[in-house]
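Report on the following structure.
In order of appearance the chains are A, B, C, D, E, F and G, and numbering begins at 1 in each one.
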């Protein structure tokens, strides 16, 4: 299973994304491209298991991502 | 929905952009390119929910962006 | 033996992956691409030999990886 | 309006440029290329609204730039 | 002698590799590619001349490498 | 005036170069390439307006450069 | 004189190389490639003008280099 296949299978499902600066986002994966840029809907920024912000629809830049967990 | 489609749909609407150094900008998305370089008009730099500066028209370099929230 | 051959031989086996920010993940390598983006199933985040989190299926971004140990 | 169009329109006008290390420069935009490398004439380095240095003609490397404000 | 020739000549010999985060690895060079991704067998992580870990077979990502000493 | 034109015009003239790590170099620009790699002759490393070292002929790597001031 | 010409002229001569992490190496330049990856023989790691280590033959990764002084 190729990395992009994981994203394809996770479309319209909830994912957890950790960014390089230590930020984490939870939301529904609505899209992605080959750079691992991600579109999350209903996104929440999560810090220590509490919701820090609710940016809603969010475009996460791929090169700031550490991991994506479907 | 591809990441660039989110930007296309957000044209001429207010967006929030968080940069790698922790800076945030709010403004109207007036343009973008495939590197995620963004043009914001009426841009404000936001720190802890207060407006820190009003650079107005602003070109944000894509590789400094963490996320964009329409 | 080329680097990607090591990954090919490690498919469906347990690997340890250390990331640039100091995080480590253990899991079963389910896939990879030429950017060294990795898919781990049953992944655990490991800190000081204790399990810190169990993200399960995880996509690790290649450019955040320091080393991979099959 | 594409990002490079903003630069085209700002040619021979004063711009403010913030760099990744926190430095800011004000000067007249005399040129640019597709990497966002910029040429400023009459450039001043600005710290906390005071002029810290006057390098005059300056070539700013694009990948060190956070934002450009015409 | 081109940089990749040094690696070719070091195949199946012991090398010392220093990574950007300050980590060092010693092991037998079993392979490499044009990105300087390296395969070490019998690898040991070295800190202050003591062995900190023995990951064994290890794939070191090229862009995290500072230097390689055959 | 394109950024590389500024370098072309500065050939054989004194320039000041600031690097990402905060180092600065003064010297005569003897050459450059499209990556903004620079060759300085008679180069001096400058710290707080005092000369810290005199490496003489120096090749500065372009991606470590913040700005160049002819 | 192009940057790579400086390296060509420095072949088999002693050079000083400063890396991004603050490390410096002195050695005889035995080879290079277009990425500024360098091969030094008889290399010494230098800290505050004292020799900290003698890795001998060393491959220095180009993108970790700040400057090279023949």
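By our rule, a residue touches a chain if its C-beta (ideal position, glycine included) is under 8 Å from a C-beta of that chain, and two chains touch if they have at least 3 such contacts.
Since we're looking at a predicted model, the values are computed, not measured.
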{"item": "Angle of rotation relating chain C to chain D [CA atoms, steps of 5 degrees]", "value": "155"}
{"item": "Between chain B and chain G, centroid-to-centroid distance (C-alpha), Å", "value": "41"}
{"item": "Approximate Å spacing (C-alpha centroids) for the pair chain C, chain G", "value": "33"}
{"item": "In chain E, residues with contacts to at least two other chains", "value": "20, 63"}
{"item": "Sequence of chains encountered when the ring is traversed from chain D in the direction of chain F", "value": "D, F, G, E, C, A, B"}
{"item": "Residues of chain B that touch chain D when the two form their complex", "value": "19-21, 23, 25, 30-33, 37-39, 43, 55-61, 63-64"}
{"item": "Interfacial residue positions of chain A with respect to chain C in the complex", "value": "1-7, 16, 20, 22, 36, 62-63, 65-70"}
